[in-house]
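What follows is a group of structures, each given as structure tokens.
Both complexes below contain chain A, partnered by chain B and then by chain C.
Right, the complex of A and B next:
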């Protein structure tokens, strides 16, 4: 009996050795992919450009690690008809296993998004177990996607990190952009009442200088990626762009503004009074009455006076009240312009369709097919903004009031 | 409770009985010279056995002699009291019938015993008694004159405490017992002494508090001790290995302490203490796993601090157990779990390292174990050399040479410090062993393997017992009343009962009246005394 037990245990133990080191990957055998860029070639095939981290060159100054002499990243490209083919063809150029778990950026070229749309490519990223669906998606605006990931950046040595952090930082303090993840895009694509919207990135300067180390040895890098607008999608294809204040208007409507600034003219001076928005809440609602859609945007904002260029009596509640009305008008204008563009492009990126779905589920079943064209594009838009000035910063009245 | 203790296999018992034949002890002779000749021949004429003949003692009509061991006896007592009173005393008026009558009430010494056979005589002689032979009597008297050089009471070197007694046990069993008696001044503190070791004849004393300790556990201890039939007992560890419940485990199922206050505290929880002559480590049992995370200071500090420290020790246990294993698993299987920046930093260090992480970890861990072993065994004078070699060669040079990565050195260092911070050495050495098993399982299956290892470990721990008490109690089986003193240490006033698995009839620790200290509601905050201000 005892012998049987012993034999059984030896067999079980041997099993664990048979497994070996299953799926074991040493760090030196991994090519850490930090960003993936997708372009289209002339024959209509995909060009995948992968940015790989050179770990030794990222952590500069480490003894025995190589010491930060070369590039922080290396970039390789491969062609293919699908993502898997690109990934496997990459092995003809790269010596290590491709490791996607830290690829946090997916750059899609404007051309690809316009011609083929994002529908045929996203499944691969959504399905792959190592690729995170929390990775950020951006559209390269007026630039090749490959050039964006090839450009070396200063401060953040890994360009992918720089772009992601830039998007997040800008989303938090300025608001003209959004950090859109793969899973957000997939969710919007499968939602019949909302269309996806993705941030765009420009490349400032030439693509050629961006590739060289000289680019980041200057105090002002000649080439650098830069945030540029929001890309509007319709049925998975890029239809247009929102830029500047229009982009911010769209972000307001999507209730994604965290902090930003709003300014109004006063006493003949342009942008004389500035409001620092510290919190806001936007609600949208929509109904259809007799075949016409009525859209409603309600914004509640709170902020501090950030700057005054003209003397103004901020101790007076009535003055504050008037300023609030002014800010409300400014915000309303931005939102209005964003919605107008979306209506022109006939794509409901704000999710008004979902609002109808919630308020009139029966009607929605009937109209969902042609919501964008027949209803959203012709809808009446009502915007109600409520601004509240909470504080005026360190000073109540500016020293400008006392300037003799 | 018939099924409380595991039934031992019957095989061992029979052989033990066969060997334990009662030794036939020959009686003493009436002739003094014959007796002395037996002593010299049996001890091989050893030079430290002193035979002093008293030819003209007025006390004894016939010739007499005293025999004692030099070094084990208190020379002053033997010379100044014993020999002097024997030589200078008045002659006896009438013929005494026995030796006892002749010596008792006459020698100003404590314990006196009449010896009639050689076995007990030699035992008395070897433990430091002085034996008095008188010609014409077939018996001898032994007087207690134990003494000689001993280490004095010092601060314990293993279990240090900032707040707590500074006394530590010594090698003398009598001193050790007296130190506990001094703390628990109660007649219910019972002791039983037996001799174990065919050759060494070591004194072993059981100590427990009658009423608080469980009688069945004490009975079981007695039985287990009686079964021991070995040559030598040089340390309490010898006894420990013969009376533990399970020998196929790396975890200690008996606790040992060098501190009288720890022993007293454990006696008061219903445990027994086992003193072994020659060892400053007193065994305590039955123990539970969580006891190895306790320290005497937990009870002297307020419970917020103690609880925080307990939790820290549990954390320390886990770090020293799975620290390197987690690193191996994360860097070779689950790179997605490491933040990108950190991954890149670790990858940069790993670039120049020629070994897989597992081999790297094994190299560093084994090196550290070698260093530690060297540090313990080396003479103190060259101890500093070890730290130089350790810090320079292992710490810096290995990294600079690209043999190991700096991250690995950090992991090994944290693990090492964690294993030093474990309050009990017994549990620290078992985690040292298990750490390697976890490293192997992490290198084969990643976190999955570690979890498997953990499940096996927990099952094993739950299967252990110490003198019948479940090792993981009061966590498994869960005893809500005892949870107050486990990974947390509740306030002392809330700790009403003794651990329910160990204590006998007397379960309550404190009276009904005692509870949370609360001043009377009518009492106000004391106001400033105006009179003092002037």
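Right, the complex of A and C next:
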């Protein structure tokens, strides 16, 4: 009998321990944060704008269930002097526990990045165990960060997901942007031989129309987030932007290009021959000799001819060879222009400092403090590009050669 | 000493799980910056030397526990006191590892749970298995070793597929010369985790095939050393030196970078499993050694009677040894190695070995003469 009582007692005890009810949070008591946007108010305090997922409205009508007609997300803001304060003040506006594990996007406004820099805000995201430091960081370019996360988007109903997917897709096929994680930014900030670089997002259209459902009921949403350039940082503060081909030149140098296209002029026509890059490998190296830094960028890339606008004999290997020289020049120009901007801004976003650190550790100890100003900004840059055109697609010569 | 026998493979599994235990989770040897892996490998060589000291001692007295041969070497009174100190040392280390384990769980997973609850649940399981004896522990180890290495293998593959490894982070090699490397080795890695093998002196007599001890030990130390160095190489090449240094648990941050095909991500559970399995075996080995040793000194039979009281002591000690996690870590880095590890793992054993040599040589002479 005693034994039975003991067994019963132990079972009841384990029931209370093993049920896993300690600090439980029911799903319908969680507000899932999908994006965090940070702005600066006039007094210099932070405004945190959080995008919350409305789970009922995310699933479409096709999948059964009550796919709602409402917004896929709701957005609330709170002010505070630090991230924790903002997060706790949010409870005066949101009825549920904030759940950060799915927060994949951090939008920082250009103004905040310029005035206060990113140093005072990142620690909270780096330290918190629920917020992932693999979340993507972007800078809102010529727009408020809050407006970006307020804008409703089509196709991908959750705006945060749209922006992240857009960054990843564009990184893969175009190359003018990078998907930068919080972890990368923190690593670059602590690295004395490399400065951070973060992708920018613009807001097309007005912020007001973006907030309403009407925006995504049209075939062309009037307001939508768009990728716009790369933000350069120095000592944690935004110092400038790289746009268009310069941005792509920076991504080349950082060896992050996966696929892209390169075009050259031919026979008086602009952008007449297009090379589809299918793979590339970029190596950078740097040395200092007598107080001058010598930077070296080596690019090897392979691709196919993607398009021609002028008749040209693609059957001739010599013609292909000449085209390769042309493409090499085009890539070199892009890289050169990106490095020149960075040198002007005196911020080594490419990690040439790290290259010196690796090749001349003794010298690096001496010069690391003023690498950006005295060495990188005045450095000689050498760029060597090797392009290999492998194939020409389904046709050899273009039909243009035979147009009568 | 209980009547039990374990196989060579089981001992190997225990050695490996014990070595990996908590060392896998922390930034081992990071004071040497990007050369941490060299520090670990040097520590491994040091660990091999220490193991040989233990092994020679074992060869002199293959059938007794260290608590017994201490008495044979040093005389009854002194031997018993030193043996008792060793048991206190084991209890203290068990409490340290338990605290590590509890604090880690609380830091990143169970933020609102009190430390006491996490530690109690863990120690209950440990004490139960310890009270069942070494054979049960050994068989559990046999099972979990396969499991852990399966996790490790798949983890490494996933990290490789994520394409986040940048070996440039390991350069320049030997940036500040050998000095910081030797310093970190002598102050840290040689004791933790390799010197802690001293608890296995309490288990060696249980091995069924005594001849295999030497190979099991060498093999266990080398495999664990290489595994630890490899993990550190992966950590540093993914996170960089700075982040590795600032991370409480670099392995967790490394695992969080895994993103394969948009669905194999957030594999934090890998870390939790490594944490719980490693913590379990490390604490269990220390407590087992303390239980067997104490029972042997005070002739308590059966020894398993002591496992619950000692478990309670370990639990309370783990709660009271430090008021904050940073304090706990600081003690572990700057006080424990020189004040506890150095005498208990190196100085005493080497002295003992010297005395044992001297005594036994005399015996031999008497025998032949």
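Brief remarks follow.
Quick note on the criterion: the second predicted complex is superposed on the first by the 381 of 404 C-alpha atoms of A that agree within 3 Å, B and C clash if a C-alpha of one lies under 4 Å from a C-alpha of the other, contacts with A are read in each partner's own complex, and residues count from 1 in each chain.
One rule holds in what follows: contacts are C-beta pairs under 8 Å (C-beta built on N, C-alpha and C of every residue); 3 or more make two chains touch, one makes a residue touch a chain.
A quick note: this is a predicted structure, and the numbers were derived from the prediction, not measured.
Contacts of A:239 after superposition: neither chain B nor chain C is touched. In the superposition on chain A, A:24 makes contact with chain B only, while chain C stays out of contact range. Contacts of A:361 after superposition: chain C is touched, whereas chain B is not reached.
Contacts of A:280 after superposition: neither chain B nor chain C is touched. By the touch criterion defined above, A:183 reaches chain C but does not reach chain B. Touch criterion met: A:104 reaches chain B, while chain C stays clear of it. Of the two partner chains, neither chain B nor chain C is touched by A:151.
Contacts of A:136 after superposition on the shared chain: neither chain B nor chain C is touched.
Residue contacts after overlaying the shared chain place A:301 against neither chain B nor chain C. Put chain B and chain C next to each other and count what each touches on chain A; the higher total goes to B. When the two complexes are superposed on chain A, the residues of chain A that touch both chain B and chain C are 17, 22-23, 101, 132.
The touching residues of chain A, when paired with chain C in their complex, are 17, 22-23, 101, 129, 132-134, 183, 186-187, 190-191, 354, 357-359, 361. Residues 331-333, 335-336, 340-341, 343-353, 356-357, 399-402, 406, 443-446 of chain B are the ones touching chain A in the complex. Against chain B, the residues of chain A that register as touching in their complex are 16-17, 19-28, 30, 32, 34, 53, 55-56, 58-59, 62-66, 99, 101-102, 104, 130, 132, 158, 161.
Those residues of chain C whose C-beta lies close enough to touch chain A in the complex are 107-113, 117, 121, 168, 171-172, 175, 239-240, 242-243, 253, 256-257, 259, 265-266.
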